[in-house]
Amino acid sequence: MEKFRFLTSGESHGKCLTAIIEGVPSGVDIDIDFINAELKRRQEGYGRGDRMKIEDDKIEILSGVRHGKSIGSPIALMVKNNDFQNWQKVMSVFPEDYTDEKSFTTYRPGHADYAGSVKYNQTDLRNILERSSARKTAIEVAVGAVAKLILKTLGVEGSSTVTQIGSACCPDRFHQEIDTAKENGDSIGGKFVVVYKNLPVGLGSHVHWDRGIDGRIAQAVMSIPAIKVVEIGTNPLGMCGSQYHDEFKVENGEVCRVTNNAGGIEGGMTNGEDLVVSAVMKPIPTMLKPLNSIDNKTNEQSQAHYERSDACAVESCAVVAESRVAWVLVNEILLKYGGDSIEELKKHI
Amino acid sequence: MEKFRFLTSGESHGKCLTAIIEGVPSGVDIDIDFINAELKRRQEGYGRGDRMKIEDDKIEILSGVRHGKSIGSPIALMVKNNDFQNWQKVMSVFPEDYTDEKSFTTYRPGHADYAGSVKYNQTDLRNILERSSARKTAIEVAVGAVAKLILKTLGVEGSSTVTQIGSACCPDRFHQEIDTAKENGDSIGGKFVVVYKNLPVGLGSHVHWDRGIDGRIAQAVMSIPAIKVVEIGTNPLGMCGSQYHDEFKVENGEVCRVTNNAGGIEGGMTNGEDLVVSAVMKPIPTMLKPLNSIDNKTNEQSQAHYERSDACAVESCAVVAESRVAWVLVNEILLKYGGDSIEELKKHI
Amino acid sequence: MEKFRFLTSGESHGKCLTAIIEGVPSGVDIDIDFINAELKRRQEGYGRGDRMKIEDDKIEILSGVRHGKSIGSPIALMVKNNDFQNWQKVMSVFPEDYTDEKSFTTYRPGHADYAGSVKYNQTDLRNILERSSARKTAIEVAVGAVAKLILKTLGVEGSSTVTQIGSACCPDRFHQEIDTAKENGDSIGGKFVVVYKNLPVGLGSHVHWDRGIDGRIAQAVMSIPAIKVVEIGTNPLGMCGSQYHDEFKVENGEVCRVTNNAGGIEGGMTNGEDLVVSAVMKPIPTMLKPLNSIDNKTNEQSQAHYERSDACAVESCAVVAESRVAWVLVNEILLKYGGDSIEELKKHI
Amino acid sequence: MEKFRFLTSGESHGKCLTAIIEGVPSGVDIDIDFINAELKRRQEGYGRGDRMKIEDDKIEILSGVRHGKSIGSPIALMVKNNDFQNWQKVMSVFPEDYTDEKSFTTYRPGHADYAGSVKYNQTDLRNILERSSARKTAIEVAVGAVAKLILKTLGVEGSSTVTQIGSACCPDRFHQEIDTAKENGDSIGGKFVVVYKNLPVGLGSHVHWDRGIDGRIAQAVMSIPAIKVVEIGTNPLGMCGSQYHDEFKVENGEVCRVTNNAGGIEGGMTNGEDLVVSAVMKPIPTMLKPLNSIDNKTNEQSQAHYERSDACAVESCAVVAESRVAWVLVNEILLKYGGDSIEELKKHI
C-alpha cells in the first residue's frame, strides 16, 4: 500500500472538486495560503481563455488538519466551482432535474469522448467530458501543494519552466506563437521542464521494475491530460556513451558529478543530483477551427463541438507536472524513511 | 490489486532468474517454444557482446501449468544461468563461501552502483550491480511472453522496430553506427517503436489519474534499464492542433480515424487505433573507453570498471519494451473484462 | 489495484465526514433515500446515547452522479456534522483559532488514545480520538450503501441480526441486559451475524492467500472499532469432520448442500450457499464508571475521561459490518466479472 | 505498495513450491537452518499422516542472498517435492504427457473443489485441489521464517500453542481426542493461540480502516485453509466494560496495563502489550469415512474421494498462523520505520 495515497473527484461544471489524502505525517504545517498560491499558478499563463477569471480557485480543508497542523488523519480538500449556479440543473445529482440541455453527441478528436462513451456506455458525451476535463487538475495541484509542504520541511524544492511553445524555443517568442495560434482559431502545445533539488540519494530502487522512481515519475507525468512525451534528463538520442554518462568527482569531500545528463536518476534511483523531468504537451484539442467528427446518434459526419477557448496551456500543465512529481517524491520518501510524524521523519533523514 | 501481477528475482551471475505470475486465467495454452523464441529475440541484435552466446536462455516452467494449459494457479518460471559453475563461490548464498574475488568498489557512471550502495549500505558494488544488470530483463521477457500468449488468444498482436541508432535514422546505416562505436571503445543508443494492433476500445480510464493506460505504459517502459524518453504516438512538438488531432470518419460502418497521431490513446484510454509507443535508450554505460569515477573505499579518483562489452542493445531493449507493454495490456484487459478462464474472458470481449 | 476502492475522512466533531469512491460502474441508480435509510439504521438501536438525536445523518453527493445515475467518475459523499457550530473553534483548521478547551490528556483504556498519541507524537489526545471515534463509521455505511445498490442490481441482498447481548442469547432479554449495564454505569457488548444471499459461485480464490474472500471479509469486519472476534459460518470448535462438513445433493437439477456450516465459503471462495459471517463486539470502552489510567503530561494516575454515553452499540455495529461486507463483495464481483457499466456487468454475470 | 510483499507458487504434487519475496532490507542474516527448522515444525504434530515422512522439506535459496546476507534484491525460495518422480506424468507441464490417471470428478465437501471448478472452468478437479491443498503452506512458512529473521534482529519473538483439540481443552487429553477421531475414520479440529512479544507501540493505525493491524492480521489468519474463527485477545462475549478493558498503570516508570484482554491491539494499533491472536481450525475435510457428494460429469450422487489421511493438523496450522502474523508485523514495521538496510532500520526503531 502506498504511504501517500489519495483519491480525487469532481466534474468540470459540478458543484466542487474534492480530494482525500491519506498518509500525511502528523505535525506538518498546512499553509492554506501556499495551497491557494499553487492553485493560482495553475490558472495563470498566457493563452488561457476566459474561464480562468470565473474559476479563481480557493481551497477549503474539511478534515485532517487542526489548528494549522496535520494530525495524521486523512486530509479532505475541496475547491468549489464558482459558476455552479449556472449549471445546477445540467449537473444535478437528482433524477428529477433531468434535462438534455448542454448534452452533446459529437466526439471531439483528441479527447476522451469516443473511448469513454464506448467504455461507460454513455450517449450524452457530457457524462464523459465533465470528468476528462483538465479542470480536475486543480484539485490535483492542491494535493501536490500538500506534498510540497512536506518536501519543504525536508529542504526539497521544486520548480518548472516552459522551454518551448509551438516551434519557438526562445521565451521571448512564446507569446507570438500563442497569438498566432489564437488568430488562426488554432491551438499550440509545447515543452517544459520540472526540476527538484536537494533530494536524498536512493529514492526508488533497482531491485524490481515497479520500484523504479523513473517509472513512477513517468506514470505521474504521462497521465496528465495532453502529455504525450516524458523525458528524464538530457535526451540521449544521438549521443555516444562517452559523451552522455555523468563522470564522478569529489568536491568538498562529497561525491558528485561533472554533468547531469541522467537527470538525477540512475538505476531507477535518485543519485543526489537535481531531478530533471521534461514533457511535451500536445496542442489543446478544442479549437475554434472545428475538426471533422461523427455524431454518435446518427453515425454521420459532424463537426467537433467547441467548449473551451484556451489557445495554449503549457504553463499551467507544467505546474500540474510539478505537483505530480511532488506526489511521487513524498511517497518515496515516506516509503524509504517511514515516520508517522514529521518530527520522526526528520530524525530518520 | 492488479489482476496480472508478478514478481521476478535473480542476479546476473546467480544460479537462475525466476518469476511468479499470479492472475493468468485458466485454459491458456502455454506454448514453451513461443516463450523460448521470445527469449531468443531478446538475445539477438547486432552489437551484442560475447555473453549472449553463453546465455542461450531456456525457460523452465515450475508450476501453474498442467499438460500444456494454465490452471489458474500462479505460474513459476525459471531461466537457469548456464555459466553459474564459474560463479558458484562468488555468488554463493552461504556465508562459508565468502570471497572478495570479483568484488569491486569503483562506481560506474550511468549505473545503479552509487545510489544503490548508499541506499542498501553496501561496500562491495557487486551486491548492487548483480541485480541492476539488464540480465534481469530475460525473465521479464518470459513474463511478457506469457502475457502475449493471452493477448494472442484475443487476437491482439504486438511488434517492435528500431527506428534510430546513434544518429542514423536509416536502417541500412545502423550496423555502421554500431561498428564505429565499437571501434572507438564507445557505446551507442537509439530509438524504437512498439506497436500493438487490434486492441479493444476503452482499456484504461479518464476518471482517475492512476487508471490512465498512458501512465501505466509510460511506467512500464521508462523503468526499463537505460530508457530515458517515452513517447506515445507522434511527438506533437511544433505541431498545431489542426495538424495533430485525429479526425473521425466512418469506414465500412465503423468509426475510425483519418490519422493516428495520438498513438491509439485519448483520455488515458485505448481508442481502437493501433497503440504506438516509442522510447529512447541511452548508450550502454559500460564501455571499453573508461569513465572517470571514484573508489568508494578510498574516496579517490578511479576508473570505472569494465564488465560487459555490448556496444549497442537497442534491438534487445525493444523486445523488453514490447514485453512490458504486454503486461500492462493484459492487466487492463483482465480488469475491464474479468474472466477467470480464457473461455469466459473471450465471451466477455 | 482494487476495482471498488475508496478513502474516507473526517473527525467526530469536525465539519463533516467525506468519502470518495472510485470504481463504481456507470449506470447504477444512486438512490439517495436508500443511502439515508442505511445511515438511519446505523444510528438506531436500543442503548445508544443522546448524541444520536443530534446526528440525524443525511448524505450529500458532491460528484460522480448525474441525474440519478453513476457516470463512472469517482463519487464523493459528505455527511455534515449538525453540531459543528458548537465545535468550530475547538476543531478549527486555522492556527489562529487555537484553544486548549476540550483538550485532554488521560488515556482511555480500550481506545486508540495511548498508541495513537505515541505513534503520531501528540499530547492532546483529542487529535487521536476525533478520528478513532466510531463516528467515522457513518460515512463507511454510506459507502456500503452505494455498494449495496450495485449488489441489488445483481439480485444480491444482505441483512444482519443481533444474536447475543451481554450474556443474553434470547432477543427478549436484550433490553434488560442493556438497561442493567446502563444502571451500573457500565457497558455491554454482544454478537451479531451478517448474511448475504444469492451470491455467484467463485468470488475470491484458492490460488493465493490474499485472494481468499474469507481473509478479505475478516479484514473488513475485524477492523471495525470494537470488533475482536470474526467467525465464518458455524464455529467448528468441538465438532468432528463428519458432523461439520456440508454434504452435496442435487435439488431441482442444481448442485447444493444439505447443511451450510461453512457459511458459504470453501477454499477461500463463495460456494453458492448463503454467506454467513458473525462477529463479537467488545463492550464500549467509554463508561460512566471510570477506569484507572495515566495522565500523559504528569505520568501520574488519573481517571479515564467520559465523552460518550452509549451503553451498547451492537445493533449499530452490525449495520457497519453489513456495509463492509458489501464493499468486499462488490470489489470481488467487479474483479471477477469486469464491466465498466452496470449493463455490461449484468451481461457478464 | 506493501514493503514486504511476496508471491508463492506450486501444486501439492508438482515439481516444487516457490516464493519470491520483495522488500527484505539488506544485511539480514538469512539463516538457512532456522528456515529448515520452521519447515520441520510445520510438518510435525500428532495426528499427521504418512505423507509427512516423504515430505521432509528443505529450503533452497535461489537469489537475493549473498554469502549469508540479504542484499536488498528479491529473495527466491524453493522447496522441492521429494515425491515428484512418482507424479511426473500426472503433473507434467507438457501437453504430450497428458493422462487422466489420478484425475477425479467428485467434489469433496469442505474443499475448494466445487467452487474452484466452476470458477476456473475445470472438469478434472485435480486442477483445483493441487493448489488448494494445505501443502502450499510449506512455502508460506518459509516466507514467514524470513520475516521472523527480520523480527529477531529487532528483538521481536513469536510462539504458538494449541489450546483445544476437539472438545478437549486440556493438553494431556489431546492425543486421545485425535486417536478417537482416527479410529472412527473421522477428523478433528481445534484452537490455538499465537503470541508475539516486544512489539513497538503504534504498528497499524486508527486513521483508515485498511491500516488497522487487527484487520490485516485477521486477513492473514482467516485465509489459512481450514481456519473459520479469528479472535484478538480475550473473547469479550458476556463481559461488561468494567471487566474487559485494560486499565493503565505505571511500572518502573513505564506506562503499562493491569490486564491484556485487548490482546495488544487498541484502535487498530499495537499498544506495547503482547500481541495475542487465537484461531479455530475446522476438522480436516478429507476423511476415511466418506461424505456424500456429486460427480461433476454425471451430476449424480457419489462419495467424496480420499486423498490424505491426517486426522488432525492443528499444531501444524498454528505454525502457519505464526508465520503469517510475522508477515504482517514485518510489513507494518517497514511501513512505519522505513529503512532499506537492517542497520538503518535498527537506528530508526
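Letters A, B, C and D mark the chains as written, and numbering starts fresh at 1 in each.
Everything that follows uses one rule, which is that contacts are C-beta pairs under 8 Å (C-beta built on N, C-alpha and C of every residue); 3 or more make two chains touch, one makes a residue touch a chain.
Quantities reported herein were computed from a predicted structural model and do not represent experimental measurements.
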| item | value |
| --- | --- |
| Neighbouring chains shared between chain A and chain B, ordered by label | C, D |
| Chain pair with more C-beta contacts, C-D versus B-C | C-D |
| Between chain B and chain C, centroid-to-centroid distance (C-alpha), Å | 43 |
| Geometric centre distance via CA averages, chain D-chain B, whole Å | 35 |
| Whole-Å gap separating chain C and chain D, where each centre is the average of the chain's CA atoms | 26 |
| Where chain A touches two or more other chains, by residue | 7-8, 22, 72-74, 116, 119-120, 128, 131, 202, 205, 207-208, 210, 336, 340 |
| List of chain D residues in touch with chain C within their complex | 7-8, 107, 109-116, 118-120, 128, 131-132, 140, 164, 166-167, 181, 184, 186-191, 201-202, 205-210, 212, 214-225, 227-242, 244-250, 253, 255, 257-258, 262-263, 266-272, 280-285, 287, 289, 291-294, 299-301, 324, 336 |
| Residues of chain D that touch chain B when the two form their complex | 5-11, 14-20, 22, 26-27, 30, 32, 61-69, 71-76, 91-95, 97-98, 116, 119-122, 126-128, 130-131, 340-341, 343-344 |
| List of chain B residues in touch with chain C within their complex | 1-3, 22, 72-74, 202, 205, 207-208, 210-211, 334-340, 348 |
